């Protein structure tokens, strides 16, 4: 056997407390499996925010509409990569399309992903950008000209009727898209929630909690991007827009917090057999990541900030600072949530008698560096997308963001 | 309900003798019906050879008599030899746990390894109330959660009740390892696919015993065919009160423990 | 005159794209890729075949007796009758195929003590020794034929098989009471232990011989048999191998 592997496992074995089954020394789902739900959560959350504009006609949020769509796409494109890097045989991953075992939630990944990418996101973006693509292709030089033409599928109709059709189509797609986004991220929650062998995961609430945290993180991300990109482009932020989105963020965080608190209270109250080892898990292994990062910094502090903003009158500059701080804390908190679910669920033994550790590699295919790269890559993709398909300048030079 | 699938008991009161014509008639009907039925099974479990071995006629299980296990670890070592499992203690298709229950209620558990050449005896402790060994292995569940979650269908249950892994198709996602409540699965470091106890399927279809059963010095492990009228396992299920691990999860395991202590997880 | 409703250009364009994708998928599935790729049953059958073709390492105790008749006969009625040949001699399938490749015949102490070293978790009645005290250095096979490991002489002490009980008793108030004082042991129990068991005292008066108010012994705590513990036998509450100190 590979001596390096033996060395690593021996070190892990020394850090085990209590009794674990022999095969449980090393945890199997690493940080990449933490990154994946985090990324798809951002996709679902950004899309839900975008759909607020279309389906619920929330005008104030309009300036972030295209940004949200592009964000969703950028993160969706990168999302399968951590999974591929995690598989022991990524060269066989196509089998999920050939012989999906329909009882498995994970088998749904390929189909749900493709459906969401093609039939929801790309379709909606096409209808949204179609007119601009036509106009830009007329103004641009080749080769960009041909790129725009191809992206618009060589369409040329910019009549009022066609544009009205576009807007209607977007509404329809969004209505389909919202449940699709729920499924895209909800099935990830179901992957964990349906594992009866693991009491930390096995819960009816997990898919719902995942979804709510996704919405929270998605909205927070769009706020973050809007607050970073707008000054970079030399423009002024629309405070009405920001205030409105942060409102939605506030409600989402309240719902998320309530659900997680409910899960917690329910566990303590029912006090099933696993409560002893799970308590040890939280106090010994997950103290920082759960109590400090997920709950305190990730939810309580942002909630307090947002309550303060809502009840006291702060000026725009202070509000911007507080919003920015909150969304960063929230992102850290949601990442910590994913960590606590994925890694936390593997740190205790199914014998309920022991705990193991997770020694994250720094380099290596499933190491910290790889994870950070996967977290940064979507922003690079987004930058490219923003260059190609600007989010605020529509064709004709008008700016969509009011001063 | 343990749901031990036993065949119908022999009826000593049947005295009717079937004449040859009736027998042949019934046989023809039965065989063709069975053939049709097997075709309709469709995507069902496969048969190992097209020859005389018929998996539908067998259902394998194992019995473990806790009071007989001496914790020598020969089974662990034999399994590793037979099945190309790495010798290091981090990968086990089967292992043995030692439980020490003290007067104050504390329970200490450890895995023992093969004791050959380096026997470790436990210091005497007057506070011990109960202490015993529990062999563990894949329970070859009838309702296996690992099969349910495999995204590509690489792990499956054969008709004769053994859960196998197709190491040529396993993509190594490790969902099955997460789903197994018993910790029976591991990722083999060389093939990088999921691996686990197969009841030595390559041995049992040829009429041999699994390696662990073969070398057990006290016959603490009893292997047999639940569908057979006369098998050591069926007798085991008759004379012992049976337990399975984690019955509340309804995995319908086929490893039956006699005299299993309530502290065993 | 109303003009006939035109299909919007977007729908036309998208239909082309969708048609191309669907055609591609259908072509791949039904024409280009071999159908065995999609066939679960085929995969499972080939898995089973691969599994069955795997190498066998252990030959099985039944086969050894075909050639090694004497050893098999000797083992068949002794204490090691349930211990398979390959448990001590190791995997021997290669020996079946090539008889000149002989399996190991372990003659040292390590193998025997791996089962017979005293361990408190081993079931009571299993013969165990303290390897440090029991003829140290000497090879076990000097006195015990591994195929019929009858001890040189019938064990005099019950602790040979009931070491855990003996160890517990040694530090108890009953340390100086011999096993036979309370248990009557048929001679046959030392030869075929499971065929006949020793007895346990079945009256309260038995323990009362020392612990009753009227007993002559001064070193045993006294109780009034008429009232203490009423209708139960003494050992239903008190563990006689290690009774509590008063």
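A, B and C label the chains in the order they appear, each numbered from 1.
Note that in this section a contact is a pair of C-beta atoms (placed from the backbone, for glycine too) under 8 Å apart; a residue touches a chain by one contact, two chains touch by 3 or more.
As the structure is a computational prediction, the values presented were derived from the model and not from experiment.
Colleague: Check B-C against A-C and say which one is joined by more contacting C-beta pairs.
Modeller: B-C
Colleague: So which chain is the furthest away from chain B, centre to centre on CA atoms?
Modeller: So the chain farthest away from chain B turns out to be A.
Colleague: What whole-number Å value describes the gap between the mean CA coordinates of chain A and chain B?
Modeller: Using C-alpha averages as centres, the distance is 42 Å.
Colleague: Return the distance between the CA-based centres of chain B and chain C, expressed in whole Å.
Modeller: Distance between chain centres, rounded to whole Å: 15 Å.
Colleague: Distance-wise, how many Å sit between the C-alpha centres of chain A and chain C, to the nearest whole number?
Modeller: About 50 Å separates the centre of chain A from that of chain C.
Colleague: Can you list every residue of chain B that touches 2 or more other chains, as numbers and ranges?
Modeller: Counting only residues that touch two or more other chains, chain B contributes 153-154, 169.
Colleague: In chain A, which residues are in touch with two or more of the other chains?
Modeller: Where chain A meets two or more other chains at a single residue, that happens at 98-99.
Colleague: Which residue numbers or ranges of chain C touch two or more of the other chains?
Modeller: Touching at least two other chains: 40, 43.
Colleague: Spell out the residues on chain B that touch chain C in their complex, using ranges where they run on.
Modeller: 42-49, 67-74, 78, 81-83, 98-100, 114-119, 121-122, 124-126, 128, 131-133, 153-154, 156, 158, 164-166, 168-169, 198, 201-203, 205-206, 208-209, 211, 214-219
Colleague: Considering the complex alone, what residue numbers of chain A touch chain C?
Modeller: Residue positions touching the partner: 98-99, 118, 123, 126-127, 130, 153-157, 161-162, 165-166, 169.
Colleague: Which residues of chain C touch chain B once you look at their complex with the stated criterion?
Modeller: 40-41, 43-58, 60-61, 80, 82-84, 86-87, 90-91, 110-111, 113-115, 117-123, 126, 131, 164, 167-168, 171, 242
Colleague: Applying the document's contact rule, which stretches of chain C touch chain A when the two form their complex?
Modeller: 8-10, 13-14, 16-17, 21, 33, 37-40, 43
Colleague: Show me the residue ranges of chain A that touch chain B in the complex, using the header's touch definition.
Modeller: 1-2, 5-6, 9, 13, 19-26, 28-29, 86-90, 92-93, 95-96, 98-101, 103-107, 109, 191, 194-198, 345-346, 349-353
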